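Think of it as A, B, C, D, E and F in the order they're written, each chain with its own count starting at 1.
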Amino acid sequence: MVDSRFGVVELDDLPDDLRERLAPIAEKSGFVPNIFRALGRRPAELRAFLDYHDALMESDEGLSKAERELVVVATSGANHCGYCVVAHGAILRIRAKDPHLADQVATNPWGAELDDRRRAIVDLALALTREPELFGEAHLDAARAAGLSDDEIWDIGSITALFAASNRLAHLSALTPNPEFYTMGRTPPPPR
Amino acid sequence: MVDSRFGVVELDDLPDDLRERLAPIAEKSGFVPNIFRALGRRPAELRAFLDYHDALMESDEGLSKAERELVVVATSGANHCGYCVVAHGAILRIRAKDPHLADQVATNPWGAELDDRRRAIVDLALALTREPELFGEAHLDAARAAGLSDDEIWDIGSITALFAASNRLAHLSALTPNPEFYTMGRTPPPPR
Amino acid sequence: MVDSRFGVVELDDLPDDLRERLAPIAEKSGFVPNIFRALGRRPAELRAFLDYHDALMESDEGLSKAERELVVVATSGANHCGYCVVAHGAILRIRAKDPHLADQVATNPWGAELDDRRRAIVDLALALTREPELFGEAHLDAARAAGLSDDEIWDIGSITALFAASNRLAHLSALTPNPEFYTMGRTPPPPR
Amino acid sequence: MVDSRFGVVELDDLPDDLRERLAPIAEKSGFVPNIFRALGRRPAELRAFLDYHDALMESDEGLSKAERELVVVATSGANHCGYCVVAHGAILRIRAKDPHLADQVATNPWGAELDDRRRAIVDLALALTREPELFGEAHLDAARAAGLSDDEIWDIGSITALFAASNRLAHLSALTPNPEFYTMGRTPPPPR
Amino acid sequence: MVDSRFGVVELDDLPDDLRERLAPIAEKSGFVPNIFRALGRRPAELRAFLDYHDALMESDEGLSKAERELVVVATSGANHCGYCVVAHGAILRIRAKDPHLADQVATNPWGAELDDRRRAIVDLALALTREPELFGEAHLDAARAAGLSDDEIWDIGSITALFAASNRLAHLSALTPNPEFYTMGRTPPPPR
Amino acid sequence: MVDSRFGVVELDDLPDDLRERLAPIAEKSGFVPNIFRALGRRPAELRAFLDYHDALMESDEGLSKAERELVVVATSGANHCGYCVVAHGAILRIRAKDPHLADQVATNPWGAELDDRRRAIVDLALALTREPELFGEAHLDAARAAGLSDDEIWDIGSITALFAASNRLAHLSALTPNPEFYTMGRTPPPPR
């Protein structure tokens, strides 16, 4: 079992801008997430992917960062993406400060018990995940009725779209999650 | 969020035979798995469920116990059963002595990378899980070609059948996994 | 075409308790239903199956016995289980004293015309049959609105679960219905 | 429960040509099949339907009449059409002189045990039934490998197409099978 | 790439009545639609097909001719029928005097933006197209709420049924659209 | 019917770099494709989308540009995306110099008749489109057997992934195709 069917590129072998961009992530978490190593064989694609990702995921305006990760885990669960569920499950546990939410949502995004706002967020994401041709005004009405703004709806829909791509890149390359992801956020940090 | 939509029965309130049967499990693991507390409202059903479970799961003849749990996790993943994936994922981690296998198989039982014997076991289980009407000689031929005996095939099929029931009982009652299951088997036991 | 892919065990070759338990059934109906002959190769499993079956099917509290068989025929039709549809179709014809109901429900459980209570029973069973991950409060609300109690809902859900198992055991073993089942209950008994 | 959602027209109220055409059927079987009474509200459509039906079903060249009914029962089973399964199940029992075949094929057309020629006939019909967009050369190759001629393949495909229409007309009008169909052909005719 | 897998029959080789019937169509449009050339190998089937087609499509009572073609394009799009989408897309463009409607409805019949009456027509057709077993009173209620009469509902349902057949005949024979269809109705006729 | 549910941004209102980037496209084709006007409300997202798009679509190494558009049309057809099918159908007609290919592939990507290389390209794209969890070595083997290199496979998979995103953005915003797309490439350019 290799990390990716099409090989990986290590941090040191990436173009300067990408190396400088990913180094802080590697330093902070102690490893380079395999999606970056796999996409590294195509620097222009990795760069665009990172740009799109950061534009949608690194903001707390409207949707919180935890809610953004909730969208990722729900849609990746519905798409049965092992890499994305394990990697973003870890991030969701940390951002939502909840050790159980990710496993529940990833396993059954349709039925996991969530509060009304989270359920509306996940429902909107699911409506675009597997049968996007059925998406319509009824889904928007439900989202708005739950208090979601048009900007939040755009974010949910766009994150779902981006991970429709990301899930398929992981399926294409049989991407393996870094082992660190499996345990991150499962236990509360020790009190200081 | 309660443990079951229809309430639970505590160990002390169960009929004697069930209490005596479950007490060692509770003692060993430190908790009573919620499936037993939920089924406890119908002692005759709990008794039959335990009997069927033990007949299929507590044996190492042919299929190993780890392989039996692999069937459970694969079919429960395909059925999106939160309780069963979390609970039996823990048992699979322990029995297979592998901290990653359960998450991979639960998230994508169709595509997770497995050795040939495990892949054949999981494929046979999946063939009976979602569209059992398509099950036929071709599935048996593939299983036999992978070296599975008729007794092993019977076990795989019967475990898949039992958890088709178990998954639906969990969906019916919105069963919540005991928190202990989420972390069991994720790290190796400390050396003695 | 044999009765089961994995062979059958005749009444006389079963352990005493099972022989004594099944003999009255064989005597009354004139034959041993093939599901028992097929499961007979694993006495502990047959025993547990019979216990679970009897706990759920041999009661008239809440759901009538005809309604319990209606659940079996609906879910077995949705699962395309030849053995279960033919065998339990016969029992439903007899218990509901209706020669047409079983064929209608087995062929199209979603659309067969039923009175409101029967439709609610069948709808609840179907909600757990093929896509149990979608089961949720909306289904329970509809069932309760039709007057079903929580005990009746549990029975419907648990019978659906048990036959999710039973259907798959029949698919696994390519179980053949006993010929007697095809005609039972199709014509009214002669007046006495 | 009425015979059709949109009403029926009795034999005596049909245009002369249709009355003369259907009278022998009514006389022979003792009743007018409800599909004709329902379509009777649109004589031109009934006429075209009968013409298409007779062109495909009333021939023994290539496919036998029993094999033509086998196609009807398989595709109607896959489409969950209560009227067509009950009505053509009766005709199949009679034409194939087999009291069990229809129930088995209607309940599980994909998995029912059939000899090679019948399996190839049913497989070809099923390939065009639910996901006709997937139909291709591989299905034709399999049919030809089983010895089916191009004229037989045309017949199987065209009967499947005609009953794709017929099934939907029955769903549209909630067509009820005439009660006589349920028991026809279930027991051998008394010896003379 | 031939016009049909099973060959075609040219106008001059058809029986007199069919030749006389199709000649005006060929003259008016400048070509013989390939469906007629393909069905020509079975004159009785072609005759019945034309009769059924004309009974349902050549009327302006209730549904307009454009609305009838809308049903054809929607259901053929849902069935992924290349021939029917291209051929009837052309007719819909002409009859609805709209160069964009057909492509939108064929590509996504579930989600294309339509006025309320057209949406109700398409929704009813779709309800009978892929999962006709789910058709029921709720679909009729929605159609009636949009102002559709029972005769219009019958027409929509019957056109959907006829093209369930027609789509499958095209899939069976790998029918190729005549090249003229691709451009018909895409630009307004020049002013006179 | 507006161009996008969430409004559009005109060329003149975009940030300088985007305006300069899109102006040549607008000049050459005579209009700004609506996807750019819709994404314009989020310049960072539009920028990343364009970067990813150009990295994958504006190359003739390995896959030709026509083959890249073929992937887009096939996957967008399978996802029922009206905007993408109409817009990229136009580009495919032009790049492949074939006025019929796009309509055939968009309507039925699974069954459209294609030469072996194109069929292999489309099959690989489809394998990742609707049920990406089933993607595996068998799909890669088939692609390689058809002569596709690993770089070509990566391109096909990544284009499929990008348009999994793009299709969903169009569904989210109910994106309307620019009217010019419907007729582009349908007739050969006049000889000079």
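Just so it is clear, a contact is a pair of C-beta atoms (placed from the backbone, for glycine too) under 8 Å apart; a residue touches a chain by one contact, two chains touch by 3 or more.
Here the structure is a predicted model, which is why all the values come from computation and not from measurement.
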Partner chains that subunit A and subunit E have in common: C, F
Reference subunit F; chain at largest CA-centroid distance: C
Chain pair among D-E, D-F or A-E whose interface repeats that of B-C, sharing over half of the contact pairs by residue number: D-E
Between A-B and C-E, the pair with more C-beta contacts: A-B
Distance from subunit D to subunit C - Cα centre to Cα centre, in angstrom: 28
Centre-of-Cα separation between subunit D and subunit A, whole angstrom: 51
Whole-Å gap between the CA centroids of subunit B and subunit F: 44
Multi-chain contact sites of subunit B, meaning residues that touch two or more partners: 80-81, 108, 110-111, 133, 135, 171
Topology of the chain contact graph, where touching chains are joined (line, ring, star, complete, other): other
Touch relationships between chains, expressed as pairs: A-B, A-C, A-E, A-F, B-C, B-D, B-F, C-D, C-E, D-E, D-F, E-F
List of subunit D residues in touch with subunit F within their complex: 133-136
Touching residues (chain side subunit A, partner subunit B) in the complex: 1, 77, 80-82, 85-86, 99-100, 103-104, 106-108, 110-113, 171, 174, 177, 179, 182-183, 186-187
Residue ranges of subunit F in contact with subunit D within the complex: 108, 110-111
Residues on subunit B engaged by subunit C in the complex (per definition of touch): 5-6, 41-42, 44-45, 47-49, 51-52, 55-56, 79-81, 128, 130, 132-133, 135, 140, 150, 153-154, 157-158, 160-162, 164-169, 171-173
